[in-house]
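In the two assemblies presented below, subunit A is common to both, partnered first by subunit B and then by subunit C.
The block that comes next holds the complex of A and B.
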């Protein structure tokens, strides 16, 4: 492939939305209230919409017969390059919100920068997506505050979820080969530059929510290189089920 | 109020309905009218909410991104329908929590069709095509029902349902024109969903307890049997068109009546499911009650936070 780096770069962005969208889609019909149910489904819907734009573009760049669905559903586990954060399970609503919040703050900053990409397609996708992500960020931040400053129980649950997922935040700012090349070509976003602002913003909201900012400096990474937590394989079993069980069919 | 005054009000009330005027939440209404509407509207709302489960079951496994997005949007629409039907219900002086309680304790009913399992992807097509198709036939007349909030909610619901129905049929078209395996999947789904869909239009007229009063209040404009006939007449040609076979050996066109004759419906099965012994009744309730109980601390937190915020505002104002 001529543009292997660009292709890999797009997957690096899109896989995050794919896997997080899949996680949010698991919750439909099972939310704590009708309003949150609708919101979580809507976030999932937004993310899959973005995924389609990215993968359609990636398929075009690949220039062979592969389709958006092949890219989404027919790779092996080691070939998905999403960050570990987004594949973490819906342990309870606190984990769902904490995961969403920790990703949304990053996602919003990332898309803000991606809008300036020299690649017009990526820039256009970013401009379309950022409106949605701005809403996601507001939703998850509001819930961080409600849970943090709600009851004793909710405070302890959301604090616990933030503490557990904190270890996956640093990976957001880790660069792989394709990232570096794309930054060099003014196509990609230099995520290392987002890190300070990210923690400032996250810390401000946690503090406003009466929560402790975790102090741990031990972080996990590997997702961007395709080395995932054990949760991903099961998620992919669902995601890929139809494509694997009924190969080469139109739906 | 004297008996005579009430009778007078009732006469005026019935006259308004006869003139096709809308009854609004603050208008006087007979207690029976209020209760009947709470029952029917909440049953409808509950059906939307329970109805999210069989389709939600395939969101993570949808075969393509396009189908996944469409399915998510559809199930989200159903949640939206539930939301404004509950709101319309609340205008009659009952809270959403009370309505949930009725659902969770088994006091309130919901559409029995959702007590069947969705076992293949083709079920997403069959549900859209048949279940939403039958729902539309039930619901379109309600856009002109006498209670204003319900009628207005139904206008929007019907628009979206009609979209869902086309979407479901489109899934079936694709399968029916696909590989032998896909076609078999579509036929199997039709076989399983056809009879329950016919049952969705309600018991036969001689067994239906609510029909007469509901007709007067425009909560119902055609009898169950008429609606069922309309559904069959509309659906059979759609099945023919895509080469699927309706699983009824007695089904045949009747030149004289201008309608399809059809076979005996298994009403024993219908009543069994209505009474809580369908394949998925217990699972559906378990899912809903479980979500509600697991969500309690979340809802409590939201209330506590709102109270704190309000207090702070008041203190600032002082």
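The block that comes next holds the complex of A and C.
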């Protein structure tokens, strides 16, 4: 492949949306109320829409016979390079909202910068996606405040979810080889520059929600290198089931 | 479900495009007006149905009583001359 770094870089962005989209999609028919159920499904569909644009572009870069579906459905677990945060399960609604919130704040800041990319395709995808992500961020931030400033029970549940997922936040700002090369070519976003703003924004919303900002400085990483938590394998077996059971199926 | 007990009902009105009036699309449950607006956006406009949304808590709507149907509506049934069917509408007038 002529531009392996660009290819890897695109997957690094797209896999986050694919895996988070799959997680939100799992809630279809299982949301806590009809209205939140549909909201979660909408977010899922937004993310899948973005994923298609990224994978179509990646397939073009690859220049062989692979298609967007091959990239989405036929890789092995170690070949997915999403951050660990997005693969964490829907333990309860608080976890779903906390995961979404911790990712949305990053996602919005990331796409804001990606719009300035020298790569016109990536810049165009970012411009299209950012309106959707702006809404996701509003939705998840609102729920953080509602749960944090709600009842004793909702407060303890959302605090617990934030505390548990906090350890996965630092990885968002970790750079792999493809990231560094793409930053050097003014194509990629230098995520290390987003970190301070990210924690400022997250902390401000947590404080407004009457929640404690976790103090833990121990962070997990590995997803961006393909080393995942135990949860991703199960997610992929769901996601890939049809393609694995009926190869090349179409509808 | 507890939310059904705790969250009030809201009526949703959506303007499908500029120039048309808001129409009643349906109802939903939400804790407050902000959530009602977001829920309405997610439930009723996800297939690109709207450009503007109104929500109003259902308890604020005053409704006619079905028992009064006769006195309210039947007198209008045999007064065909109240329909504007006796002159031609210019083509420019849409949505009448």
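Rule of thumb we're sticking to: the second predicted complex is superposed on the first by the 250 of 251 C-alpha atoms of A that agree within 3 Å, B and C clash if a C-alpha of one lies under 4 Å from a C-alpha of the other, contacts with A are read in each partner's own complex, and residues count from 1 in each chain.
As a working rule, a residue touches a chain if its C-beta (ideal position, glycine included) is under 8 Å from a C-beta of that chain, and two chains touch if they have at least 3 such contacts.
Please read all numbers here as calculations on a predicted model, not as lab measurements.
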Task: Name the contact category of A:199: first (subunit B only), second (subunit C only), both, or neither.
output: neither
Task: Scan A:93 for contacts with subunit B and subunit C and give back first, second, both or neither.
output: first
Message: With both complexes overlaid on chain A, does A:33 touch subunit B (first), subunit C (second), both or neither?
response: both
Message: Between subunit C and subunit B, which one touches more residues of subunit A when both complexes sit on the common chain A?
response: B
Message: A:146 in the overlay: touching subunit B, subunit C, both, or neither? Say first, second, both or neither.
response: both
Query: If you stack the two complexes on chain A, which partner ends up touching A:219: first (subunit B), second (subunit C), both, or neither?
result: neither
Query: Is A:42 touching the first partner subunit B, the second partner subunit C, both, or neither of them?
result: both
Message: Residues of subunit A that sit at the subunit B interface in one complex and at the subunit C interface in the other, please.
response: 32-36, 38, 42, 146
Subunit B residues within the subunit A interface of the complex: 49, 52-53, 56, 59-69, 72-73, 75-76, 79-80, 82-83, 86, 121, 171, 174-175, 178-179, 181-182, 287, 290-292, 294-305, 308
- request: Using the touch rule from the top, collect the residues of subunit A that touch subunit B in their complex.
  value: 22, 25-26, 28-38, 41-42, 44-45, 48-49, 51-52, 55, 68-69, 72-73, 92-93, 145-147, 149-151, 153-154, 157, 235, 238-239, 241-243, 246, 249-251
Query: Which part of subunit A faces subunit C closely enough to touch in the complex?
result: 32-36, 38-39, 42, 138-139, 142, 146
Residue ranges of subunit C in contact with subunit A within the complex: 1, 3-4, 7, 28-31, 34-35, 38-39, 42-43, 46
